[in-house]
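First comes the structure, then the notes that go with it.
We just call them A, B, C and D in the order they show up, numbering each chain from 1.
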Amino acid sequence: MHDTLTPAEARDMLSAVARHIVANVDMLTQVDQAIGDGDHGIGMRRGFSAVEEAMAATEPVSVATVFKAAGTAIMAKTGGAAGAIFGTMFRSGSTAFDERTVLDAEGFAGFLVKGLEGVEKRGAAQPGQKTMIDALAPAAAASEAAIARGLVDVVTEATKAAKGGVEATKDMIATTGKARTLGERSLGHPDPGAVSMSLILEAMRDYIAA
Amino acid sequence: MHDTLTPAEARDMLSAVARHIVANVDMLTQVDQAIGDGDHGIGMRRGFSAVEEAMAATEPVSVATVFKAAGTAIMAKTGGAAGAIFGTMFRSGSTAFDERTVLDAEGFAGFLVKGLEGVEKRGAAQPGQKTMIDALAPAAAASEAAIARGLVDVVTEATKAAKGGVEATKDMIATTGKARTLGERSLGHPDPGAVSMSLILEAMRDYIAA
Amino acid sequence: MGKPKKLLNNPVNVVTELIDGLVAASGGDLRRLDDRNAVVRTKLAEDKVALLIGGGSGHEPMFPGFVGPNLADGAPCGEVFAAPTPDLVLDTLAAVDRGRGVLMVYGNYAGDNMNFDIAAELAEEAGIVTRTVRVWDDVAAAPLDRITDRRGIAGDFFVIKVAGGAAAELKDLDDVYRVAVKARDNTRSMGVALAAGSIPETGERTFELPEDEIEIGMGAHGEPGIARRKITDADAIAEEMTDRILADLPFSSGDEVAVLVNNLGATTCMEMLIVTRKVHQVLAQRGISVHRTDVGSFLTCQEMAGLSITLMKLDDELKRYLDMPAHSFAYSRS
Amino acid sequence: MGKPKKLLNNPVNVVTELIDGLVAASGGDLRRLDDRNAVVRTKLAEDKVALLIGGGSGHEPMFPGFVGPNLADGAPCGEVFAAPTPDLVLDTLAAVDRGRGVLMVYGNYAGDNMNFDIAAELAEEAGIVTRTVRVWDDVAAAPLDRITDRRGIAGDFFVIKVAGGAAAELKDLDDVYRVAVKARDNTRSMGVALAAGSIPETGERTFELPEDEIEIGMGAHGEPGIARRKITDADAIAEEMTDRILADLPFSSGDEVAVLVNNLGATTCMEMLIVTRKVHQVLAQRGISVHRTDVGSFLTCQEMAGLSITLMKLDDELKRYLDMPAHSFAYSRS
């Protein structure tokens, strides 16, 4: 159980996130096969293998530094929509830590909120369009509402909300990304990027709550 | 039972030959699939459909005329090795009838002998190379040996010998045509052209012996 | 259908290796950008608006096969079906810029749009001027009133050909941009898929089609089209596709067009020609004249079986740049 | 594997329809010979040795796709996998002859040899002089001491290209013949098949290969090769094929060659490039320099998956004709 994370712990947590994503790439690819072009898992493997390497190579000077390094690695190695989106999420989100020496409840909520802002600006998608935003937006809202209860609760609520968001994407018709022409055929399948978003939060929660 | 055929009967017989080939094209294609390029049946259908049309359009001026017309139709419509070979067989073979007003035992044997000569000249293949020659050569020899016994025996013996020749091709390794690189893999399969040769004689026998 | 059999080495390296092959085949005309997955012309004209094209790999010969004289100057290549990363795009931009700015032409996909946009922002910071033309020719992807939601498929070919010609002749980036936009806006395509392609790294096909069904309007990564149906005559399918394309722009009697019939991968040349024949028949019936026809594999989706039909409505300016000689791996005309 | 799905109309008419498509795509450069399945250049040079090529269909774009300036003047097209009939060859001969005689170039198959020979005999009676060059480039088809038993595969491409150039420049049939024979004698190929093509009229594949096996040396109609084996790395296969080709002529260190990597139908451009890369690496290791490289679908076997590698050893004369500009459906270079 961590009430706050030091920069070094934040770095360890991001390594754990990377390993969790890499462990789930086959599932992510399958999800993308159902409604996209079937490459989400292999793209995330490129990006998050790079995150693991970047974490090993990054001095934990500050929380912002390690989150930004993760985002830069994702952006540089993933490719595709996911690379731009998750790269942007981490890079934009990292600015929430600029003034902080540790990762705390408020900082974590700020990370999700700033990350969401960045993603919306970059991809111009709205909630309800069956993207990772449908996991990230409820997670950001839930985390803000839980700030007073501390970091563990913030990340636990965010993860729950993201999972709910993933479930909700099954009932959405995609209107952006490669799934958008599926129309009603996209119903019943979750959005791959939303699943990834939820996995990222899950791994963070497991680290923080452990 | 015919001891001789008039030119009109010869024409009818060739129509019957054409129908018999057309009725067996799927089998011929399958045989070619095993050791060739799988088109022998469809080629023979083109050629012998043309024979049927040519017979309908040909005045039975002489036996030579109708056999030559059949050969010309085969040559013009079949394509592939079979078109050149069976076209040549009928056209060269037809010269055996040049001096004859009816098709008799001697004429029939002469047709096979001249046909064989023409085919060997055209394709430069020898007996034993797993071609239609391995049906035609024994048929020609058997028909010559039976001349004294009359037309029905000539064609009956020729047909038997051709069938034996087809069986014999199963034990031959192809050294010409599309099967030649099969080497030992061509063993066990009959030669498609030999099967066609045997079908042609079978239909002639059925007409003459009927 | 089973997993497709392929001649590959480690599938993680396909993009690197195919670029090696492309550079080798070019006989010195192309080079790799350092050790990156990007292709650049060896001899760049000194004073020229640069044309940069690119996108995910797996669609060969698109995009790197269109780098050459009077075509593109460089192409960053993403992994299979994944847009190239911003830094790769940026480095290729920097390599091809001759100080007159860079026109970027690519297919309209979320991943490409975002990655090229990020690169363009970084380029601006570095003092490189860029303009962007996204190709959205696939009429099956969205209705006309949401044309910017459509994906780019084989229409890339015409836009690149015209933009390449314009970039070779016109000295002003805005001018080249204007011509490329005109080419894009006059181009419409539709595809049909008979069987799926696969992703080398997973070995999995990108979709499944029943033995006797085809999908009209399917996209270049196997994105769903507008109708799945029993396979029928080539003529019926070609006529339906052509008519949908014609109705969209719309093209009308008296128009002059360029025709492209593009092989999505595994379709036989025989089928391509049979469809080409029908497209010409339909156009003749509708009073539309054909200026030129290209038939071949230009934008593929691995071993997907199927094809797409593209029409570009021409005016004198488009004709001029379309007809310019050009030379590259994928396309060469004197 | 199931029956392949194809975009066809009545499969009996495929050859007629594909020629319609080819003529339409040519924009007036080609015409059909009356209502026959043969393609002829619309504008034949007035005073020129004619080049006639041809064979069975199903290998598109070979042969009719190579009719054009500095290439062939006409091509009679047989039915799928069946040599054209003598009268069709004869009529095409008569259509292309400009009084300087006709060189016939085609693949060495029993059916083609006999039908073209009969046509040549009939042509002679009609006062048309012909010479024949049979292409037998497939080193897998027979040992070197029985070279005339070998079949013609993608090596047709080089022989046609060189003969087309020579026929455009040299005024004497014997001279053109000499150059074409030289091209043929310096050309060696080998193929590898991963999956079978099919015959449209039967819908049947021409052979069956187990899911994990390939056949080295398979011919352009699915004729057996020299070894069936488990599929391995592209590099290992490409190296084995290249080495067998090199040993056959033999090619040796210091030689200069032209390289052709030919797609048998359904293989991805990505695989083609990966193999091209390896062929170049092997040649460099063996001290052989590459003058030019062509990669594409030139002689196919319907939707067969696989490819062939061809090398032609060059001298100045062969280079001259190989490098001449040319234009046709299948091949265009300035």
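Assume a contact is a pair of C-beta atoms (placed from the backbone, for glycine too) under 8 Å apart; a residue touches a chain by one contact, two chains touch by 3 or more.
Keep in mind that this is a model prediction, so the values were computed, not measured.
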{"item": "Set of chains adjacent to chain A and to chain D", "value": "C"}
{"item": "Intercentroid distance (Cα basis), chain D paired with chain C, Å", "value": "28"}
{"item": "For chain A paired with chain C, centre-to-centre distance based on mean C-alpha positions, whole Å", "value": "32"}
{"item": "Centre-to-centre distance between chain C and chain B (centres being mean Cα positions), rounded to whole Å", "value": "55"}
{"item": "Residues within chain D bordering two or more other chains", "value": "none"}
{"item": "Chain A: positions in contact with at least two other chains", "value": "none"}
{"item": "Pairs of chains, among all present, that meet the touch criterion", "value": "A-C, B-D, C-D"}
{"item": "Residue ranges of chain D touching chain B (in the complex, touch as defined)", "value": "56, 78-87, 109-111, 114-115, 117-118, 140-142, 149, 151, 199, 201-202, 204, 206-207, 217, 219, 221-225"}
{"item": "Footprint of chain C on chain A - complex, ascending", "value": "29, 33, 36-39, 41-43, 46, 75-85, 88, 122-123, 175-183, 185"}
{"item": "Partner chain C, residues of chain D touching it in the complex", "value": "1-2, 4-9, 14, 17-22, 24-25, 27, 57-58, 60-61, 65, 192, 194-195, 197, 200, 211-212, 214, 231, 233-235, 237-238, 265-277, 280, 290-295, 297, 300, 302-303, 305, 307, 325, 327, 329, 332-334"}
